[in-house]
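Next up is a structure, given as structure tokens.
Labels A, B, C and D are assigned to the chains in the order they are written; within every chain, residues are numbered from 1.
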Amino acid sequence: MSIVDAPIGATAAVVLPGESRRARFWRRFKRQRAAMVAAGFLIVVALAAIFAPLIAPKDPIEQSLSDSFANPSSDYWLGADRLGRDTLSRLIYGARYSLLAAAQAVAVAVVLGVPLGLLAGFARGWFDSVASLVADAVLSIPAIILALAIVGVLGPNLTNAMIAIGIVYAPRLFRVVRGAAISVREETYIDAARASGVGTLRIARGHVLPNVMSPLIVQISLALGFAVLAEAAVSFLGLGVQPPDASWGVMLGQATAQLEDHPVLVLAPGIAIVLTVLAFNVLGDGLNDSLGREIREA
Amino acid sequence: MLRLAARRLLKVVPLLLLVSVIAFGLLSMVPGDPAVQIAGEFATEEQIAEVRSDLGLDRPWIVQYGDWLGNAIQGDLGTSPFSGVSVSTQIWQRLPTTLSLLGWALALSVLIGIPAGTIAGWRQGSVVDRVLTMGTSVGVAIPVFVSALVLALVVGLKLSWLPATGYVGFSESPVDWARHLFLPAVALALTGAAEIARQTRAGIIQVKNEDYVRTAKASGLMTRQVLGRHTLKNAMIPVVTVVGLQISRLFGLSVLVEQIFNIPGIGSRLVTAVFENDVPYIQGTVLLVGIAIVAVNVAVDVSYGYFNPRVRAA
Amino acid sequence: MKHGRTAKVLVILAALALVAAGCGDSDDGDSADTAAPGTTEVAETTAAETTEGGEATGTTATETTGGEASGERGGTLIWGLGSNGANFFDPHMATNPFGRSWMYPFYDRLTQIDQDGAVQPMLATSWEFAEDASTLTFELRDDVVFHDGTPFDAEAAKANLDRARTQETGAGTFVDLLAVESVEVVGPTTVQLNLSTPASALPAILSDQAGMMISPAAFENPDLATMPVGSGPFVATEFRVDEVMLAEANEDYWDPELPRVDNLELRYILDPTTRLNATASGEIHGGTLDVGQFSRADAEDLGLVLTDRFSTALFQLFLNTERVPALANPAVRRAIAMAVDQEGINTALYNEECAPNDQVFGDGWYPHNPDIDSDYLPFDPEMARQILEEEGATDVEFTAITANIPSFVAQAEALQAQLAEVGVTMNVAPTPIPELISGFLVNRTADAYWTLNPGAPDPAKLVSTVWLPQSPFNPGAYEIPGILELHQQAQAATTEDERATVYHEMAQLLADEQLSIAVCTPASIMAHSADVTNVQLLSTLSDVDVSAIEVQG
Amino acid sequence: MGSTTRSAARSGRPDITTPVLQVDDLAVEFVTEVGWLNVIDGVSFDVRERETLGLIGESGCGKSVTAQAVMGLIATPPGRVTRGSIRLDGRELLDLDEHEMRDVRGRQVAMVFQEPMTSINPAFTVGQQITEILRRHLGLSRRAARERAIDLLARVGIPAPSQRVDDYPHQLSGGMRQRALIAMALSCEPRLLIADEPTTALDVTVQAQVLELLAGLQDELGMSVLLVTHDLGVVAETCDRVVVMYAGEVVETSEATPLFAHPKHPYTAALLECLPGLRVDEALRPIPGLVPPRYSLPPGCLFHPRCRYAVEACAAERPPLSETGVGRCVRCIRAEELELPGVGS
């Protein structure tokens, strides 16, 4: 039977006997080319962030006022900003802050959202109603305003800004995890485990968490995208990364007025943000399809 | 249906209370003391303390909250410490502007998002689907304040097809009102439509594999009926939820868009309030928006009854 | 089938680049532009004008003739203002140093300052000091009526001056009138101020908020803060907070030449990019050009006309000498001043619109000491490092707060880098504007504060705010030797020449002391459409008196 | 459940002129992650006028795919018909474009599915879903369609049809819903009804009622029925002729009675041996091994690894489907020599 390379698209998911969950994930993920490209791009950005000192042509903070707003040239590949700092170097170092910010924010969201969501979904009862109430209340207040208020209270710096964004995103993770936990809780094998005397906590860790993992991983990927965007918004209002360091959001904020005369100053961080967020979203979709539900063959 | 709505409304009361606590509590902790603003740079410590007590800021938190909530229920959200103008009037003056902007943005988002999502979902795997999917991913990825500025600069100023700034009330001239709101609404609708399209696509894909859609096809119904009636109506539940979420998201983003397009809505006043530390205005706005979003969520829940008769009977 | 998706992704990325290429940024970086809530001299963010733009292009609206106004009154004037603030229509209570533009159309003052900086009559036709400088007597006009019908006479003037003298909180007008012991009505149109100490600056100071005349009947009116009741050329009709003040011409204004339009709209547009766009798109007639963001060419490219004027403002780094002991040493401060590349900053950050300046008084203002040029403390990092070593101040470190507005942050970052070159570590902490006053002035928790002082109608006011030991902007209460004597002398000098010589000496003293590190003096620039003429700028930065503006077509 | 085949007792003999449905050498492929997968290969059978043909086989043998192929419901992607022809009253359905096929579906060929709970749209009333089909195919007015819908509900045995017509699906029991689906399918009196496991999801008592209903309507409307099932008991009850499928291929075709009495293909015989109801005295003998998945088929006869009578030659090459008497064919090279035990009546 000839195996013609199948077109991508709505393929019927096939369960090959004897295939481990991980192997099946990789077999499917390899076929999601867009997701692979996105993953590749993110790895490149992460490496650039880690090895910034080696890659960046110049010191991102070093100023030369005579080169203020220098146009892209062999010396300044992407031109220089108002203080004569090399845009490319700042972009590479900026990756550090933007990714670090995203990671911090998502970490806060996970620490806050996941355990509470798991407990609420699994334990139900008063805890669930109270936790859901708080989550709904936080979700009822627009993200940007809440973040601004929290940063206002904690004081403007990168970590506080990311804590704020983490708090704002936590209810979303809470609801995803709670939803998954509730659906798993209904499964018969949970009753079977409980019937055989397995403790609630072990059930939660053993059965509920693995099943919650796949929707959670997808949400985390989307959360990272959200965090990069949120960091840009907060930094744009001057409440994020403190000078002289700069994240992409800060670079964007500082260059807004020069959009007409020096578009590259806005373009560089703008494209970086859009591509990174796009990569996170595409990766999220890819993960979603690869981790998705297995359709038993008819 | 009514019982469902009543039960849902009952659940709303504690939620609103919590929103008000967050709105009041969080914002009253924001540093930067309004009393110093009013007293001026030459005031002495005592004078600042005196102004603070006039504003009632020296009372314990709970008392301030109780007082504020009591008034809020009667529609009085306090006064801005600087201009002495009541917050409620400020919001009331600016509400129609923001509602027009959000109305436009939501309409555009829905009119673009749902059809795009339906086509992408119905023709899953086709080129159209992949283009639309990638388009929505990009749409979601572009920061709103970037698209807003580009629209303002390129379409507004350079091409001057549409006004780059300002707002004209509907009563004054509906045409100008629409023209002034178009660009900011598009800037907002870009991400709004993308989000709705993604959800509609997922909904359509899930529903189109249902047995009853196969039955409809097997009965030889036209695509218009199979897709338009049978599939769409059942796919709408998740979509309506997302549209509900969009309203809260669009308001948050409109704060920046109103600023860029200089539209005198609740949002642009919020930016100046944050910078002026006009806490009563911020608290009033956050409370009002919270109530509006809770109301939207209730409406969304109740709408499930329309889409799913089984819920209606519950 | 094979290449399928990869090719498509690359195509998308390319398309994306095009889309993103169009990407600008969000609204103007410094979305807070000014919104100088509270009283600090957080500038309107406008670093205006070059020095050579000394002369004012607008005509003076002095005396009664009202200059060469052309023909009869007509049309509606819409002007964009970048700042608002607390109680900004009650001149004695308003704490926003950039609120003047909102008040001038509604409140007449006792005196006014023409474009050359000379004090001219307004509600007061003439004034004179007694021989022993113990009193100052004003002769008042007899044909002035407030908007609410109350006639303006000596009683009204006394009521206003007393209110201004006793209002402890708010605009600080009581500091301006410290020298006034009491106010006496000596005639229906004559009022006499009894002075405890000589105060030659009073006539100039009374051209500002301290000299604004409010209708006494409106003193107790609770919404005076939002509905001005003065005797000015315009009468307020409707006010919407943070949005617009609508006004119509005052039909029975005492100066027949004014106002030159039927209706006035003062629009609050915080964001400089939006303001420039609004002017370019014709939504408003004009507004302040934020030179920290846009060059003159930008405005002219958009087909706009520029009216500029020298200003009494100064970009400077205020220091708390108590919190940072090393900064208590004038030599160290001078070394820091020499580490600053004023010319470099001017070109990079102000589009060449902020004249380098080592003394505190801008060029074009009479207290400016011509012998001190911008190279008095030359840009010489080598020498600066040397002095610091001699003074044993090799590890100076402090934190400077500034408004979290991109242009301000960029200026602070420039200083940070230049100071680092000579071994001085200045950390920059962008701070939300409401916390700047409490940070530096009230709780005194900040070491230094980078900002713009908008200037003042009279040098005396500037000195009392910053350089006296008890001045609010001298939190370290640093005592400059001889400053108090010079301040007294200036107050006692009656003619402008005498005052000029005293201030020249003071300028020399302050230039040596560098209690606040002076960088440059911005000029005020208004960008407006061509069909708007007679735009009168004030000496304080980016303040405009729209009373005399005329709109053709 | 009596072992006699119902068909013999029915009134008219099935007309043997041109068959209503002729399926010839049909092959269908599905795209999966491991590439194109051939699901059914070389399926041929006919359904004659007023006849009930049983299409039986274990789950996964491709019988449902065959039924859906006839209805043109194979979505491309992921599926596609690669070979063969499907003729309805002599008209080649595979040549029709989607638009023309829509006029056939529901009008000339109708289908009833296995899951009554999910095969009816929960968001619309039963009446709405029936009138929609009537108006689409017959262009009836709103009122006429409603009357006809009520009449149809009555004929499928739903009590108080004039109220039930405005009920939502969740207000009806499983049996009632299957009756409503049948009403929908038969609303335009189609030439052929394809019933894909119509009673599998119902409990036994309701099962019998539905089968009774189908037989009654078939006589009344002179309709042919293609019954897809894995339940030999149902086949024995209702089918005139039977087609046995195994792993995507037809292995035996025959009249119902002779098939049960003298099965020709070892797989058919083995199936009969599994039937508890039919043999009281002997122990059940399950078929060893599993149905081979389509992506790893054994060489030669697909059943040979599990066939008790398999010999060397069976593994050599694929046996053809050959005629063994009037209207009977079998895909086994040893069919002639083997005497396979049947189920005596």
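Going forward, a residue touches a chain if its C-beta (ideal position, glycine included) is under 8 Å from a C-beta of that chain, and two chains touch if they have at least 3 such contacts.
None of these values were measured; they are calculated from a predicted model.
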Neighbouring chains common to subunit B and subunit C, by label: A
Where subunit A and subunit D overlap in contact partners, by chain label: B
Distance-to-centre winner among chains (Cα means, whole assembly as reference): B
Chain located farthest away, centre of subunit A as origin (C-alpha): D
A-C or B-D, whichever has more C-beta pairs in contact: A-C
Whole-Å separation of chain centres (CA-atom averages), subunit A against subunit C: 45
Between subunit C and subunit D, centroid-to-centroid distance (C-alpha), Å: 90
Computed distance of Cα centres, subunit D from subunit B, in Å: 54
Centre-to-centre distance between subunit B and subunit A (centres being mean Cα positions), rounded to whole Å: 23
Subunit D, residues touching no fewer than two other chains: 77
Multi-chain contact residues (two or more partners), subunit C: 5, 8-9, 16, 20, 23-28, 31-32, 273, 432
Touching two or more other chains - residue numbers and ranges from subunit B: 31-32, 125, 130, 134, 138, 142-143, 145-146, 149-150, 153, 256, 274
Pairs of chains found to touch, sorted by chain label: A-B, A-C, A-D, B-C, B-D
Complex interface listing, subunit B residues touching subunit C: 31-34, 36-45, 47-48, 50-51, 80-85, 90, 93-94, 130, 134, 138, 142-150, 152-154, 156-157, 160, 163-166, 256, 259-262, 264, 268-269, 271-278
Touch list for subunit C against partner subunit B, complex: 5, 8-9, 12, 16, 19-20, 22-28, 31-32, 35, 37-40, 84-88, 95, 168-172, 174-175, 222-223, 225-226, 239-244, 268-271, 273-275, 277-278, 280-281, 283, 302, 432-435, 437-438, 441-442, 465, 472-473
Parts of subunit A lying in touch with subunit C, wherever the complex brings them together: 4-8, 33-34, 37, 61-63, 65-66, 68-69, 82-84, 152, 156, 233, 236-239, 242-244, 252-261, 263, 266-267, 270-271, 274-275, 278
For the subunit B and subunit A complex, residues of the former touching the latter: 14-15, 18-19, 22-23, 26-27, 29-32, 124-126, 129-130, 133-134, 137-138, 140-143, 145-146, 149-150, 153, 245, 248-249, 251-253, 255-256, 270, 274, 282, 285-286, 289-290, 293-294, 297
Touch list for subunit C against partner subunit A, complex: 1-2, 4-6, 8-9, 13, 16-17, 20-21, 23-32, 272-273, 293-294, 298, 341, 344-345, 347-349, 404-406, 409-410, 412-414, 416-418, 428-432
